[in-house]
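To start, I am sharing the structure in question, which I have written as structure tokens.
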Amino acid sequence: MNFEEIRTACCDANRRLSKMGLVDITFGNVSIYSPDVKVFAIKPSGVDYDQLTPESMVVMNLAGELVDGDHRPSSDTPTHCYLYNQWGAQGVHSVVHTHSRKAVSFAQAGMGVPCLGTTHSDYFNGSVPVTRSMTPEEVIGQYEWETGKVIAESFLEMDPLEVPAVLVRNHGPFAWGATPEKALETALALEVVADMAAQTLALNSIVAPVPEHLQHKHFFRKHGSHAYYGQK
Amino acid sequence: MNFEEIRTACCDANRRLSKMGLVDITFGNVSIYSPDVKVFAIKPSGVDYDQLTPESMVVMNLAGELVDGDHRPSSDTPTHCYLYNQWGAQGVHSVVHTHSRKAVSFAQAGMGVPCLGTTHSDYFNGSVPVTRSMTPEEVIGQYEWETGKVIAESFLEMDPLEVPAVLVRNHGPFAWGATPEKALETALALEVVADMAAQTLALNSIVAPVPEHLQHKHFFRKHGSHAYYGQK
Amino acid sequence: MNFEEIRTACCDANRRLSKMGLVDITFGNVSIYSPDVKVFAIKPSGVDYDQLTPESMVVMNLAGELVDGDHRPSSDTPTHCYLYNQWGAQGVHSVVHTHSRKAVSFAQAGMGVPCLGTTHSDYFNGSVPVTRSMTPEEVIGQYEWETGKVIAESFLEMDPLEVPAVLVRNHGPFAWGATPEKALETALALEVVADMAAQTLALNSIVAPVPEHLQHKHFFRKHGSHAYYGQK
Amino acid sequence: MNFEEIRTACCDANRRLSKMGLVDITFGNVSIYSPDVKVFAIKPSGVDYDQLTPESMVVMNLAGELVDGDHRPSSDTPTHCYLYNQWGAQGVHSVVHTHSRKAVSFAQAGMGVPCLGTTHSDYFNGSVPVTRSMTPEEVIGQYEWETGKVIAESFLEMDPLEVPAVLVRNHGPFAWGATPEKALETALALEVVADMAAQTLALNSIVAPVPEHLQHKHFFRKHGSHAYYGQK
């Protein structure tokens, strides 16, 4: 992908995000990483979705430097940057950040989203974790970069492609994937399963997670070499 | 109905499903059974609703074999197939599966939807049951076929046309009827009454079911030989 | 109003009802009473809102006899009829019945909607009552007529124009007013305040009703001879 | 701004309010203050949003006298007037009043909206307060003017531009800002964070407020001289 292509794809993805019902006001952004050129494009900061153009997208390198563009990038840019440094080589090529309401509610409650059913298992092979609280030093310092670090900390023993989302505590969700389409779909799925989980807990506060054999069945019927969901 | 007709009807029904607010992403499918030819048409797996065409529908026989079509059928096809084998002769000619959010919440909570009012009684002559947990063997084995079996197990002492829906535990709702119009309406009614029941329980956690005389009054003013609802 | 006019007004009101977000499937109907001719027009039973025409409306007299029209009237017709017999002379000239979800939830919980704030007080001078449970005899007998009776019973010591709505227990809301516009607005206001009340109780289960001086202030700034809300 | 300009801006702002999903029926109004002429324009009382015209707006001075216009102003006008008297010189040039459902629920519960996350901190530097109960004298007397007074009382030790909204107990929210765009955005943000807070409390009833370092980080990355959010 050249700069022109990555800008256009990024503009399209941000516009799609705003139509998916996941965004209030301007709380959300999508970035796209190009592994061959090792840059990513991201939404400009504080610009309304209907005013986005490919030209207003900002292209950054993995050192966090602005490579191309005349706008300020999203204030969350260092978080995206950290995740591409960490996981770009493993296939994380798009990151979506939203303040979607149900996912934020779990983040604010300090709870991950438990895996309570097959809708969840179709997307996430286990519960979606919530990060630890950030220290005053991390917040006062390079806050957005440190946010990327605490996200990565939550995945030391988990494959970010088996659980492609996280809740940043007191903040909100990040989701990712191999393509912007996939990352956006995962961000939406996270909001849906957070909604279902909140309602489930309201009905039955001591509900157990879905049995592991059912969780694996659903995850692996959609993912990996034995998947049989979808068209060939 | 010939294959052409059943494909067209099935495509229409799946498109209508996606407009009824019951489906997130691609979580839902409708099938239609033709009792004279003993085949059913079903949605192809993982295809977006706005890309469905009559040609992309898949026609299956009751042995679970693909009879006509060049797409892979929905991964839930064996469940639909089991239900037509079991209940096709009794008049179940369309099955709808969704992950509609309120119904899923009850399924995840391991609770049926209790009959708390007349809206529920207009459609279901008693509570909508939740299936038992499936065993690891059932899940690892012919999972979707076994899902049909545990559904049928819940109706050993209940008429599937008096309670035309079920919640598969940790999964979600299936609804059915004599026609796709009726099955779709029932799937919507289930979501509505699940929403009302959840809110009712939030207001009054020890609420009793609707008295039986009121339940029967409403069910039978709409169903059976003494019905007086609707036009003649 | 002649039959032509009352049919047209009734058709319009039912179509407006279906656009107000208060109706799922066909759960709702509006009637309009003409005090000079002593008849009322009502929606036909089980007909979709977008297929309603003035000709399909049904005109009934206060004895519950069909006066004009070739459709079966709504199954709830005797309830409307009872209310016009009881309150038509006092100025109740339109009745709206819905199964709007939040109001139904209170009805199913066996709770009236408590007066918790000024939004409620703007429409209802006190809590909206829930009727007593109907006896098996009332349900098995002239059920819909008896429903009217238990509604009226709830207003023995209350002015139906100061609290222009009720929740029929285990069933749902009826609202009324001097005109269909007013009755429809009140039906919507009831759903809004039921929603707010349910959320308020979720936040604070022991909340007290709004103080009476504030309740009266808001009700009477909109109603009666000292009202100062709206244009002259 | 001359009268023509302020009327047009006020009409536009009220129309925008009605499209933002914050208003049921006619429960809401926006006013705009012009500090050079020391007048404000406000919505006429009880008029539907789609019938508003610049000519129907009402222009008032800070003594609460109608300066220009032939409609009755919103019944809430004295509250707006009080706030401009109090805070107009500090930069409060637009006030928005709604009965948005989640914010009203907190007001009815007698609770402020606690600061539980970064979405809240992006707009409000601390929790959004709820006013004290008004006395019978205040309610029976100059009620709407007294409402302004109890609002101001809540900000004796707080900067109204750092926490640009309040919940009037048993009533609903007022939000404000330097421009109508900003005040409307804040009214929407308040509803969003009230929704998230209610859901968070449902998941975790003993949740702690967001740590102060995180609250300040988010508020000041968007506000004040060290802000780095948005375009220069």
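Chains here go by letter, A, B, C and D, matching the order in which they are written, and residues are numbered from 1 within each.
In the analysis below, contacts are C-beta pairs under 8 Å (C-beta built on N, C-alpha and C of every residue); 3 or more make two chains touch, one makes a residue touch a chain.
None of the values given here were measured: they were computed from a predicted structure.
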item	value
Per Cα centroids, the chain farthest from chain A	C
Copy pair chain A, chain B: interface residue numbering same or different (half cut)	different
Whole-Å separation of chain centres (CA-atom averages), chain B against chain D	47
Separation of chain A from chain D, taking each centre as the mean of its C-alpha atoms, in whole Å	33
Residues within chain D bordering two or more other chains	202
Chains touching one another, given as label pairs in label order	A-B, A-D, B-C, C-D
Chain D residues touching chain A - in the complex, by the definition given at the top	116-119, 122, 185, 188-189, 192, 195-197, 199-200, 202-204, 207, 210-211, 213-214, 217, 221, 228-232
Chain C contact footprint on chain D (complex, rising order)	24-25, 27, 44-47, 71-72, 75, 99, 101-102, 104-111, 133-134, 136, 139-140, 143, 170-172, 198, 201-202
